[in-house]
Amino acid sequence: MNLRRLAFVAPAWLYLIVFYLYPLATNVRMGFQDFTVSSFYTGVAPFAGLRNYREVFRDPAFAGTVTNTVLFTAGSLLFQFGIGLALAVFFRRNFPLNGVLRSLLLVPWLLPLVVSGTAWRWILETDSGVLNRSLLSLHLIDEPVPWLASTSVALTAVTLVNVWVGIPFNMVILYGGLQSIPDELYEAAQLDGAGAWRRFRHITLPLLRPVTSVVLTLGLIYTLKVFDVIMVLTQGGPADSSQTLTTFSYDLSFQQLAFGHGAAVGNLLIVVAVVFAIGYLRAERRSS
Amino acid sequence: MRRALNTAIGVVVLAVMLFPLYWMVNASLLPSTELIKPTPTWLPIHGTLDGYRNALSSQGRHLITSVYIALGTVGVTLLVAVPAAFGLAQLRAPLRRPLLFGLLVAQMIPGIVMANAFYVAANELFLLDTPLALILADSTLCVPFAVLILHAFMGGIPAQIREAAQLDGASALRTLWSVILPVSRNAVITAGLFSFLFAWADFLFAVTLTTRDEAAPITVGIYRFIGAHISDWNSVMATGVIASLPVAALLVVAQRYVAAGITSGSVKD
Amino acid sequence: MRKLAAALAVTLTAVALGACGNGTGSTKDDNNTLTEIDYYEAAPQNTQLPKLLDECGAQVGVKVQHQQVPRAQFMPKLLQQASSRSLPDLALVDNPDLPQLAATGGLVPLKDLSTDGLYPSIVAAGKYKGDTYGIAPGVNGLALYYNKDLFAQANLQPPKTWDELTAAAKALTKGTRYGMAFSAVGTEEGSFQFEPFFWTAGASLSKLDSPEAVKALALWKDLVEAKAASKSVVTWTQADVNDQFMAGNAAMMVNGPWQLPTLNKKTDLKFGIVPIPIPSPTAKPVTPLGGEMWTVGHSNPQREAKALSVLKCLLSQDKSLEWSKAAGYIPSNQAAAQQLAQSDPQLSAFVEEVATAQARTAELGTAYPKVSEALFNAIQACLAGGKSPEEALKAAQSAAG
């Protein structure tokens, strides 16, 4: 029986090794090498020990980038998950057009980012953008807000768009999770006199936990990896104010052509992912 | 009355979330010069369909390529992920946690690093410009996600169901096919749907692994189209609309399946 | 569920059967098909270049397989090709990237191709450690476009000095229209647009925090503070700047000759072109050299010889002129450029600028990308982050190391 069980997971193991092991090893190794444009051609990349990491830590942009990453990730996850959960719960109600509306809500997520990014650039444009125009005419602001053109607001703008992109993903998965909670439990609780909030806290949240952990862990990893949204809107600017570790890694590799440094930052991100993966596995073990 | 109110709320939420899409459609119908006027034009009264004409004539082939690649990706992904999730969640296969760990960490590898490795491999194997290369590359975006999602859902299926099937003498494979899969239909369709979407939306692998324009999927097609028509915004937006329509249609069809419950009706013995 | 599974199985079989398709890979065996790569996605270059390649290929007796990649993907693609030792036979690279590529050792030195009659700056830009690795068929630069109607209305002459520029920009700012537009975006484009002002003030890229540099950045900052230029310049690419000018949202813009085909199509827009204003009448005008150069990748002696022949054809005077006219570039051959300036007065300001243009990598070679990034970050910190020009440039100099 043991062999039979292994056979089910064998394709996944094979897949993991064939497709991910080599790139992972390459990236880890590059972080410890002095890797230049020439290295791609000649294959020669002198061993640099921890120098790349030291230089990255000392880079004046690094501290700010880490802060941005924390704020961006926390802000995105909080709102994507919160709003996604609220919508998932809302759509559990029975009303006409429920299915159609729910499917159409996935559209922000499946629009090519190069297109929705451009649409958002127009909407957030300081002078002619419709967001500023609307806020001004509603007298909610006095001056147009330089959403993408100011170091103090750019990160907020980018987070806003990322939340918009991520809500559907959270909503769909959480909705699926909600569906696996039998209606009988809710009915019984209602008979016992429990209100909507109590039902949510004592039935929904606990039974949703496995799905919640997956959504949050995956959400964290995907948010750390977010690249296109930031690049299309601000390229990490102005002046690195919306630069996250992922865009910083890209910048080091392809703007400054310092591939070893870029890989070093990439490795830092992998370490972060490892930490959260361990956290997820602990939480998962506790629940089963 | 209550139901109508809920529908109204749903429509308002949709309107807010889809506003940028509306803006995009608005832009796709306006002549190019209206787009950066300081006062926004709310309704495309002086509409034009030129953008759509332009976009359709050049992007048709790319749409088909994208569908092909996305379907292939779904196939490969489910083939690997469904048995793996079953083994992890229900059968308590050995080395469970290392596999989950590996899959989570695998997702953190920067896309460009994966792309570089894929390029070198595809070049050696003469697989550049083939759908197979893209299918395999895109599946790396989907497999970890699919395994994790399916594993979470299958973990919620009570063990009695599997045990009942085993008592009837079914092998593990039979149990998976005849009993667990129907019950996890919801989750499998969700995983398949997301795989389709991940593959559809991929740009990096697409641009890395194709050298000829004919072999490129829609993401690259749009990007090139935008580059070539940099000031022709309504054509640009039209391509965006066209690129999203097939997927939107797919969603509406698929949501019928995502609507049914998982375990309701399965443990009734 | 059964039906779904059956449908899936049929689909997968169909997909599997077609999935292998016509694979390509290292085409090193076929010496009669050369590979080429460029990033010309915009019209008309995206159709003109393949045409020229086919013509020259036919002359030499080879087929040229043309590959076009988005600009942001160009360097990654070249690097992937370098990794798999399959660099294209012909690559049209942006001139600031040339030193890095030459340093890989994967490019063939273009010893047999003559660079006589070409602008010295473009010849210098293509050199690495004394050898020529890249030659440009055409170059571009920057000049000041101005809206003739708006200037006539306000009774103004196109500005020649910085003071005149600031005055004109302020005078022409009315309602939703800004006097001036330029690109201060956080990419190489931002540095490119700033370099004319930076260099004519007398600053040098090896010292970003000199008083001259501060003066130049102060000019841009004043324009934005006085609202003569939009705050959004930090988000605009040169294409966005062109859109703003075309829509009448800006009375002047800094841009290059490649915009001319688009601008000329808009028949109700009357515009003129003058050299970029200089700080004082005694200052030397210097603009950055833009444009791409052809390089040849190492393969085997037969392919390399064929690639060199194709290149010779592409760089011939008539092909170079044909290319420049189509792309909106200035021919790198000085005589041809002068000829073009005579026949096409719109280009005369650009030809004038190109004569005194400077390659961006002339001073710093492979160290340019890092310094350029420090520079555009400083511009953004100053225009969008509230830093003073001194502070911003000081930080830039320490970041550039």
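Note that the chains are named A, B and C in the order they appear, and that numbering of residues resets to 1 at the start of each chain.
One rule holds for everything that comes next: contacts are C-beta pairs under 8 Å (C-beta built on N, C-alpha and C of every residue); 3 or more make two chains touch, one makes a residue touch a chain.
Note that the structure is predicted; figures quoted are calculated from it, not measured.
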Both subunit A and subunit C are touched by which chains?
-> B
Most remote chain relative to subunit A, going by C-alpha centroids?
-> C
Between subunit C and subunit A, distance of the C-alpha-averaged centres to the nearest whole Å | 34
Chain centre separation (subunit A, subunit B; CA means) in Å | 16
Separation of subunit B from subunit C, taking each centre as the mean of its C-alpha atoms, in whole Å = 36
By residue number and range, which residues of subunit B touch two or more other chains?
-> 36-38, 112, 116, 223
Going by the touch rule set out above, which residues of subunit A reach two or more other chains?
-> 127-128
Subunit C residues touching 2+ other chains are 76, 79-80, 83, 176, 249
What does subunit C use to touch subunit B in their complex?
-> 1, 4, 8, 11-12, 15-16, 18-26, 41-43, 46, 65, 67-71, 73, 76-77, 79-81, 83-84, 86, 176, 239, 242-244, 246-247, 249, 262
For the subunit B and subunit A complex, residues of the former touching the latter = 3-4, 6-7, 9-11, 13-14, 17-21, 23-24, 27, 35-40, 79-81, 83-84, 86-88, 91-95, 97, 99-114, 116-117, 136, 140, 143, 145, 147-149, 151-153, 155-156, 171-172, 176, 186-187, 190, 197, 200-201, 203, 218-219, 222-223, 226, 236-237, 239-240, 243-244, 247-248, 251-252, 254-256, 258-264
Using the touch definition up top, name the residues of subunit B that touch subunit C in the complex.
-> 33, 36-38, 68, 71-72, 74-75, 78, 112, 115-116, 119-120, 122-133, 135, 181-182, 185, 207-208, 211-213, 215, 223-224, 227-231, 257
If you look only at subunit A, which of its residues touch subunit C in the complex?
-> 36-38, 40-42, 59-61, 121, 125-128, 146, 148-152, 154, 234-241, 251, 254-258
The residues of subunit A that touch subunit B in their complex are 1-2, 4-9, 11-13, 15-16, 19-20, 22-24, 26-27, 87, 90-91, 93-116, 118-120, 122-123, 127-130, 133, 164, 167-168, 172-173, 175-177, 179-180, 182-183, 210-211, 213-214, 217-218, 221-222, 224-225, 227-228, 246, 249-250, 253, 263, 266, 269-270, 272-274, 276-278, 280-281, 284-285, 288
